[in-house]
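After this come two complexes, each holding chain A, first together with chain B and then together with chain C.
Let's turn to the complex of A and B:
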């Protein structure tokens, strides 16, 4: 049974490869067609900035607007970028044909060379090639995973779930404290969820809290899947949470530090990011809940003021920006953020250890879950 | 305050009784007094005259002989041609390589007026003997101490006498002399004196054997001769180096600079002691007569006025004026309004000649020159001239393009080369004590950043650039007797600054326009380069089944249309008009040369053969006919290999006369400047 499913997925993968390759070859076609008509070859690339995203209230996610920017070859300011974009498209097409995945860094090395008859490099640093990959993602409406570009594996998962990865069965209840390292590409063509009996997903911002919960076997007691992305969760982790949420109807709870960055991490999981707004459809989890750490919690859980950290100017500015985002306009959220600002302190989850080492596992989360004390 | 004073008082009080008895009586001391001859003085103080160390001594000897040759030719109205020969001297043994040698034989030949027989011994073997000291006229030598000091240095270090051959005309015989100084008496001793056959009809040859050290680079003989050539384009120099090469510095201006007039001192330039001496020495019988005849710009009317103002009779005998009366006279003179001295006593090099000199010797992209109007310091008229040679020259720049693509984090190492200042006083290069010189200070004072050239605080502007500064005056104020740096008078500094600012302003115009044109050029270039890349990538994307050439041509056509081919040339100012409307400037690009650039004589013709012209032509060489000039111009521009750019140690200096460096390592001589004449250039020239 598992064999059959794998085969089906392999076929699907091949078909998808062909489609993505076609999109990439389209870049060459733009050049050829324009040249034939004596026109300046121009790529039209969706603008990736706050100004060009809209928040779809109904669907609860950030969406890319319609604004595009023209990247023309015969414009001194853009000529090099245009040329680089074509080179990156070429390298990505090569990956499709060879059915390989690679990293951003390797794309950089693959496309770097000396321009003929000159002493100029095509690329001088990875910072020049990375944004072009994102440009192509949005322009061609192809996910990075579909382009076969992976990020670092920096997520971990434990709990009652079983995957099939390259034909290997991975039972996440039998992986000790360390858990399973979430690959950066978790599309069904690569990873299949074979079994899942959990009741919910707990996505934890920091590895330290995840370790605490894993060590205390919190997942067993509360029958949940523990996921972490070590900070801003990478695409693989977000995508996995989304799949568990969609395919198995699991609620997703997000546990982050109480600071503006924690709020933003939560919002990225829930509504998608500004930079990659076009991926929201596949990444966002509009029903995800913010379980903590809330600015109301220190009071509620009796945390002393002296384990807080004074908000610095950057924090304050960032918080004020968040207040203006359309997806933070709910009354509770405005209160939440304003409360943090008026207290003037931020709290790390680690501060709960001030009570006792297992306060998070034994008191904080159980009470939160029992009281259904979360923000939407 | 009072404490230390008290202390010192007590100290003297204590020491007085303990003072030791004098060990020498005044009579004994008196017996020791002796006269010191100038030669003896010089023997002990040779550093005062530029013989401090073997390397500098070698240069000083060359300098004294060459300066004299040029002075003599110019004064006699003969276009100067000088041959300098430097050989390693050895007593029979195989000579060491020049860089190891410690003894050299220097021969300098000119085809000038020659020296009459009886003057030869004192000129070369008596210190403070010369024709230039007692007059106020612009010349290279001043004190009458130059060549005889070199001769004495030879005598001191090698014991060899100075050998002279001189002839004054084809009709008179050539005289050969060997002389030395009797240092006690400061009188010549003649070892040899005979008539000989000499191939030249006219001129002087001096040979000195001296201890020295030959090393190229800064402040070297080579640098000196090259700088002479820059400031004296009417001079032809042939230099036989100790390494057996022949370097020829061709003449690019075929006429002599105007003869500077001799003037009388201006009253403002006279010091009190000098006035006393003049009062004493004068042949005039009346004060007013003295004033009117011994000074410039003092008419008899003005002389009467001065006498009146000083409350002196205009008939008083000058010899009787001294003490307080003389002081009153001096003060009155200084406060009387007197016209500035005439400036025809100075003969500036001139913008055209400076431009030619720089262009001939230094490879660059832009040249300009400024001659200021005459000005006066302490009663001495002077003229400041400045020039610039900027850039590396088109082919040098092309050569230096980076050879390898850079790795991540690497940077193009922009050489932090600084500009070089070349300084002159009365056409003589100053090679030592740069930082003490008013010219150097004025260069630092100039805000080069205003003209598009980088400059760190308190530093020279960034190179590649050569800054030329010349002060011409009847009396150049040096900071010391070794004549190496110009003293820092406000009037002088101000003139230098003004000259540099004008040069800078023109450079700024050039740099800004070039930047703009470069932008256009770069645009076109960028597209060319990127088209290749894009076509290749498209071809790969299309699975290698693309009509590459067709796509490439299509894209190139679009690129040309978009950058407007003609416009770049317009921006460069190549559509007629002067070199970008800049006066006294030359611009060199890969496409050609604009502005009044001199024609450099072809290399093949003038290299090998010894100079013929002076042997037959007794008269000063006439300027070539205009027809010849036009022909010469077409010859392009060989013979120039000095660069402002990087060192190029890999290249070996070929034995060619065209090798000229400006204190930099030699580069190949084969590279021609500006590729001869560009299309546009040629068109322009033929119009003339």
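Let's turn to the complex of A and C:
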């Protein structure tokens, strides 16, 4: 069965690669077609600025608007950038043909050359090639992962889920405490979810808490998938949570520190981010819940004030910014953030160790889950 | 068989826990014994400064010298620190009794209390508790891992090796591209190497190259274990490489960027670090080899100069420091570093992508291995 699934996925992958390659080759074709018609080759690229970002209340997602920008070849200010865009598209097409993935940095190196009969480089720094890859993502409506651009593995998962990765059956109930290292690209063509009997996904901000929960086999007692991205969850971790949510109807609970950065991490998982608004449709989980650490928790769980950390100016300013975001307008969220500001303290999840080393696993989370004490 | 091994390890773990607990309880006992004898309780702690670090030429390791420092209870300047040391030892003993692991940060929180009838805290910041844990490591001659103090999982491994982790059999040839997430603590009581048929270990500095090699199944063609720590390898990754080297006689090849930081990463794997000199005996791999990126490689592999990065002042100063270290005195190493300085460029491994995306897997490493082109 796994073998059959594998073959099916290989076919699907080849088909997808073909489709994406066609789009990428199309970028170069614009030049040829325009030249044949003696026209100015032009790319029409969606604008990726804050002004072109909206929050869709109904769908609960941050989305990219419709504004576009023309990039022309016969425009002195745009010619180099146009040429660079074609070079990047060409390198990305090479990846599709060879069925390889690579990093942003390697694409920069791959496309860097000294232009013939000159001392000028095609690219002087990665800061020139990165935005072009994002341009191509939005222009061609292809996720970075579909363009075969990866970051590093930086998430970990354990729990009752089985993946198929390169034909291997990876059973995440049988990987000890260590767990499976979540690849950067978890699109269905790469990683298949073969089986999943969990009741929910617990997405934990920091590795420390994930380790505590994994060591205590929390996933077994509460039949859940433990997922972490060691900080702000990387794309692979977000996509995996989204796929588990979507394909298996699993609720996703997000566990973060009680500070403005924790709130923001939660909001990125839920609504998507401003910078990458065009990806929300594939990454955001509008039904994700905030399970803690809430500014009401220190009182509720009897944590002493001396394990709180005084908010600094940066924290206060960031919290005030969050208060203004459209997606934090719900009454409970305004209360949550204002409570933190009025107490003047932030709390790390690590502070629960002040009670005892297993307080998170044995008291805090069980009570949270039992009382359904989360924010939407 | 795995079951029998598991039981044996559980017994070994319980025994070790007991031994370490005894050492830790001994710290508190010093106070009691001294009080009974009306003496000043005193701890004798090895000095962890550069002045007390030596390089043992014969063993090829950086080691801690014999200088010790007394910490007395009835000394105005030392009393608080003495009390804090006992508190930390007490928390660490709790970990042993409960057979739990935790983080440096959680130990800080666990031991933080307001002292009775005062407004003073036992600890004001983690910068007060961390050094005490290191003090206890050296004083009790117990690795941090044996004290059950962990960091985050931050390494990844694939290849022909089977681990037993919490009774699960983790076969690293069957974990797709993603691989097994290396726990922070890989001591034999936690992770057993059940089977290993590899010919060598390739320890890769960065995740990008590890991903390339994993995607291309390099480990299968060259029968090796691919290990990365995503940057400076964390303790778990170093310990795992050391165990594979020691228990299975595997050569360890280190692949890093061509810059002073890459050289230093290699030297830490090989000789140990100055800061943690007391751990070299359990962590260092004096026979580790530097397989690249060498300052001779850009020429040898025909990389254009424009993918090199100009050395900045910090790079140059660091390189000059390295030239003076006792463990970089070999002729080939002096040449290697001086060559980089005279060229004035550093190179990332990512730059190999300038040739083609699989140059690392298909050309660079195969030729390196065939020509045995490494530095000792």
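As a convention for this text, the second predicted complex is superposed on the first by the 359 of 376 C-alpha atoms of A that agree within 3 Å, B and C clash if a C-alpha of one lies under 4 Å from a C-alpha of the other, contacts with A are read in each partner's own complex, and residues count from 1 in each chain.
By our rule, a contact is a pair of C-beta atoms (placed from the backbone, for glycine too) under 8 Å apart; a residue touches a chain by one contact, two chains touch by 3 or more.
The structure presented is a predicted model; accordingly, all values stated were derived computationally and were not measured.
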Exercise for the section: Return first, second, both or neither, reflecting whether A:215 touches chain B, chain C, both chains, or no partner chain. Expected result: second
Handout entry: chain A residues touched - chain C or chain B, whichever exceeds
Key = C
Problem - chain B versus chain C as contact partner of A:103, first or second or both or neither - result: second
Problem - Partner chain in contact with A:70 - chain B first, chain C second, else both or neither - result: neither
Exercise for the section: Applying the touch criterion given at the start, work out whether A:114 contacts chain B, chain C, both or neither, answering first, second, both or neither. Expected result: both
Practice task
Name the contact category of A:170: first (chain B only), second (chain C only), both, or neither.
Solution key: second
Problem - Overlapping contact positions on chain A, where the chain C interface meets the chain B interface - result: 94, 113-114, 121
Handout entry: For the chain B and chain A complex, residues of the former touching the latter
Key = 401-406, 408-409, 522-523, 526-527, 529-530, 532-534, 537-538, 540-542, 546, 551, 554-555, 557-559, 561-562
Exercise for the section: Sort out for me which residues of chain A touch chain B in the complex. Expected result: 24-25, 27-28, 31-32, 35-36, 38-41, 73-74, 76, 79-80, 82-83, 86-87, 89-90, 93-94, 113-122, 124-125
Handout entry: Residues of chain C defined as touching chain A within the complex
Key = 94-95, 98, 100-103, 105-107, 109-110, 112-114, 121, 150, 152-154, 156, 163-170, 174-184, 190-191, 206-208, 210-212, 215, 217, 230, 304, 306-307, 348, 350-354, 356-358
